[in-house]
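Multiple structures are listed underneath, in structure tokens.
You will see two complexes here that share subunit A, one where it goes with subunit B and one where it goes with subunit C.
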Partner chain A sequence: MYWVSIVTEAGIFAILALGLDVVWGWCGDFDLAFYGYLALGSYMTFVLSIGKPTAPVKYIIGWHLPVPLAIVLADIVVVALAAIIGAIALRNLRDIYFAVTTLGAVSALYLIVQNYTPLFDGYNGVYGLINPGQAALRLTYNGYRIVLLFVVLGILFLAYLLVQRLSRSPFGRMLRSVREDERAAAAYGRTVFTAKYRAYLFGAALAGLTGGLFAIFISAFNPSAWTPQELLVIYAAILVGGRGNPRGVIVGVFVVYIGFIELTRFLPSPASRPEFGPSMRQILIGLLIILMLRFRPEGIFRERPGVDRVPGPGWRLGPFRAPAAAASPGSVTAGPAVAVGTSTEAPPRAAQPADAGEGLSARGSAREGHAADDGSGQ
Partner chain B sequence: MSPALLEIERLTKSFGGVHAVRECTFSAAEGQVIGLIGPNGAGKSTVVDLVSGFGQPDSGSVRFAGEQLIGKRPDVISRLGLIRTFQTPREWRNLTVMDNVLLARRRFASESLWRSMTQARRIRRAEEADRVEVRAILERFQLAELKNERAVRLSGGQKRLLEFARIAAAEPRLIILDEPMGGVNPVLGARIGEAVGQFAGEGRAVIVVEHNLPFIEKTCDRVVVMDLGEIIAQGPFSGLRDNPRVVDAYLGMDQTHE
Partner chain C sequence: MGTFLVTVGIGLATAAILSLSAVAFTLEYAVSRIANFAHGEFLTIGAYAAYSGQTFFHQSVPAAALIAAAAGLVAALVLNAGLIEQFRGRTGITVFIATLGASLILQNVLVIAYGAANVSYTFPQGGLHHVGPFLWTTSDIEVIFSALAVAGLIYLLLQRTRFGKAVRAVSQDRALAQVSGIPARRIVMQTWALAGAVSGFAGFVLADTIGTFSPTLGFSFLLLTITATVAGGIGRPYATFGGALIVGIVLQIAGTYTSSAYELVFAFLLLVLLMLFRPNGVFVRPSATAVRA
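Moving on to the complex of A and B:
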């Protein structure tokens, strides 16, 4: 059951990471408020489905809706909050200024929830969503948890299909152009704010959904469940898996969650220093981020730009599957294959027999080298 | 005579105490190539920014096909049919050459979030026609073999060509090129001059900001000379050589030109 629980949790966070990747990976906005959307989605799911509070517990609303409906309504509230925060933070702020603004927003939310008890009962939080529907489905406790695992994985799969479709669509391409160069994107008619805003709301909607699932998963929710540091783990996971690549993001979450966090649970935790384990984990996550950025900044799976499959009229070597193979991780480690803008006189130089395989300016002769690489491409 | 496509009138902008652009008035007609020259700091790039919405003037007016551009955002102006470039090529670095040019086709309707979720297949089919055109454009600018490469991996000259491929794909009515010859060798320069002529031949108005005077002489129908934020002369290039104000302002003009 331990593993069922871990995989369910990783699956939930994978959905969250898919949403965050749309915001950070595609649009380049380092959003620190994102975990707040999960938290709000979770809180709202509770107060919409667990019924009236009994004193001294206090919280708002207290309806008794069916859980799926509660999740949908909760998600609407989350998107509404994201609409406000996004409207402020995305309009003119970028990079670190955007990050600081979102951090401010989530900190304010955190303090309000923590200290204003009539909202979600402050420190104590809300609880009581214990395996909703277990009786109706006539399941044992363990059976329910296994069903929940598959429900989560199913939703993850659907979310993956949706995000993958968006990633390859003109919408995804447009977002990435905004990320790469905002001024150029505007010069070609894109309204930068609107583009980022739409992506931000989409990401928040996924986070709100995740909050609902999380509510079912942990059945109680209070401020200690959503400290802002949690978000760093998600960022680390995206970085490890491959920023901008939905498949990579999911792999990254499972690798970081299961392979990393769970393994570090076996770190010694001396009784006199109970904070040693968790602190050590934070340090290791920071280390992981640094190492990834140093040695493999594109992640395990690199973001895949769209490949135009019909050979251009200039092809002479017959069908050529993916010239992007030259840009694949394999050749990055293979040596100094990148000639990034070093020569301004490339076209004439391309006509000469150039040092074989050494980059793009050596077009004609480098072809064979690339063709040989082709099979190894991702 | 029909009114020009772009009419700039008494355009003025100062940064603090510096008059970057003062009372500038000139126009550009369809099918015409206008050269905008002047020494560094003359205000040429500021004019480009003001016209394309990347800056707001203190006063003056810019009319494009009869419509006032002042106060409009860059993306709105771009959608009206004006494409500008920047002094350094601003390619979308981690997108492929193909995607760079496809984006310049500007099919805004297919970039809707909702339609991308619900009608992915239809959008992809519709895009196929664009891809065919873009492949032809890439061929025209000698980029066909590089279509699936990330733009960041192109050489400086190839990035210039990519910029032109994007413009060709966008099919704008007015093109403003900010120093298209920066860091470009003579062979590629000839190719770029040819492309500028082609754009004009297709009935587009072209404004070229450039320091390379032989290039200006060869490609431009008319030249506007700026110095210290003011227009000091305009007319055909041949008439400017004898203008003492121009020679005076544009140090080294005789030497570069011979």
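Moving on to the complex of A and C:
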């Protein structure tokens, strides 16, 4: 049962990491607000499904919806919040400015949730979503947890397929071209803000979904469950697995989660120092981030260069495909994907610097790109 | 009106601490072109060093302040040599993420060393004094004067010494400074040392003013520091003092009239407004903002 629980948790976080990778890995936006989306998704799932609060407990809404519907509605709320934060943070702000703005946003959200009790009962948080549907499915507790594991893995697989498709799609390549050189992408007619914004909302939707699953998994949620530092574990996992490579991201999450949880279980945890174990874990996460960035920023699995789909029965999925096209990204002849033009091709791997995908400068801006575009059109 | 002015007075004390922290942050940015996310930990280290040292020196406040500054200095040197310089030539956001990792490490080392619970100094705060319309404790007054003194020192150091000239040259263009015979690496190290010492001292006064503190002291102050820095214009040491003044007073007023728990929410709102309308600081006319954030 212990393993079922750990794998379920890792699976849930893998879905979150897939969403985060769209924002960070593909678009190059280092977002610190992301854990807030998970938290909001979780909170909303609770308040939409556990019914009215009783006396000292206070929270909003308090409906009694079926859980899947609650998750969907919660996800809509999350995307709405992401739409606001993204509209502010993505328009002009890049790099550190973007990161700081999103950190400010999640800090503000955190403080409000913590201090304004009528919202989600402040410090105490919300609880009471204990194995929804267990009775209806006539399962034992253990049986239910195993079913949950398979549901999570199934959703993870669907999310993976979706992200993988998207990664290969013209949209995915557009995002990467925007990441590599915003001005060049804008000059080729890409609307930088819209592209990034759509990707951001997609990522947030995955985070909200994760929040809903997380609500079912832990059946209680309060502010101590989502301090902004938690997100760094996910970033570490993406760095380990390979930024921009969906398969790598999933592997990274499982490696970091299971590896770390299992390894750090054997750390000494003296009774007089209950904080020793968790702190040691955080220190190791910090070290992992620094060492990966320093020595292998591309992770275990490199991001694969963008390739136009080879025309024909090309619906087979998976990253190991069309090696011939990968060697020469420009040699595309015909097919549905050609319409996006060669401008969205990511450059061949060899031409990229070690820090692939970090070429955005703080000065790069869509507006300047558009100005250049207009100039050439006249 | 009376309450309002007292609030402004407390805001001035907050602004004084904020300006110390923000000027150090901006100096780090000026020479290394990176936003140091582990900056808050310099403050925390300073605060804890003074906490450890307070009993050795018989509750002497100047001695504690010196220990805090020294600890901050060492921490900044170690971080610069061990991390920032190792990442030379990498993009700003990469180094930013690395400092984020460093921040996580330092915070948790402090948790292991001192525990996660709140601790506090045993220095006397001193009585309340009416200074003009303001109402300050003795330590508030000390904080404000020490901030002014540090501001003056930094001004003299940057404007009147060879070191200051070198710092300004390095912050303009490190490679160019290097080829003109300025030992850029050493200047950067010295600037970090200066910034670390100022941060350590700021951490000590911050902890002393708040009363109790924990290993997240500096981290939770970081967002305010960044807001003040952006308000002044990042990388511009003198304007940073102005930015800190604005942020300190605005927050104190907003916090007093709503709830102090929401101070950081206002800091965020202020940050967003600044980012959207004046990314290069309030002291630069928008038309002059050639470099958009």
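Keep this in mind: the second predicted complex is superposed on the first by the 305 of 378 C-alpha atoms of A that agree within 3 Å, B and C clash if a C-alpha of one lies under 4 Å from a C-alpha of the other, contacts with A are read in each partner's own complex, and residues count from 1 in each chain.
FYI, a residue touches a chain if its C-beta (ideal position, glycine included) is under 8 Å from a C-beta of that chain, and two chains touch if they have at least 3 such contacts.
The model shown is predicted, which means the values in this text are computed figures rather than measured ones.
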{"item": "Contacts of A:Thr54 with subunit B and subunit C, given as first, second, both or neither", "value": "neither"}
{"item": "Partner chain in contact with A:Ser224 - subunit B first, subunit C second, else both or neither", "value": "neither"}
{"item": "Touched partner set for A:Arg198, first subunit B, second subunit C, both or neither", "value": "first"}
{"item": "Subunit B versus subunit C as contact partner of A:Tyr235, first or second or both or neither", "value": "second"}
{"item": "Touching partner for A:Arg273 - first (subunit B), second (subunit C), both, neither", "value": "second"}
{"item": "Shared subunit A surface residues [contacts with subunit B and with subunit C]", "value": "359-360, 363"}
{"item": "Residues on subunit A engaged by subunit C in the complex (per definition of touch)", "value": "28, 30, 88, 92-97, 99-101, 103-105, 107-108, 111-112, 114-115, 229, 232, 235, 273, 275-276, 279-280, 282-283, 285-290, 293-294, 297, 355, 358-360, 362-363, 365"}
{"item": "Residues of subunit B that touch subunit A when the two form their complex", "value": "52, 54, 73-75, 78-79, 83-86, 90-96, 98-100, 102-104, 106-108, 110-113, 116-117, 120, 123, 127, 131, 135-136, 138-139, 142, 144-150, 152-159, 161, 166, 170, 183-185, 187-188, 191"}
{"item": "Residues on subunit C engaged by subunit A in the complex (per definition of touch)", "value": "35, 83, 86-87, 90-94, 96-98, 100-105, 107-109, 111-112, 115-116, 223, 226-227, 230, 259, 261-262, 264-265, 267-269, 271-272, 275-276, 279, 291-293"}
{"item": "Subunit A - residues contacting subunit B, complex", "value": "162, 165-166, 168-174, 176-177, 180-181, 183-192, 198-199, 202, 303, 305-308, 310, 312-315, 322-324, 326-327, 338-348, 359-361, 363, 367"}
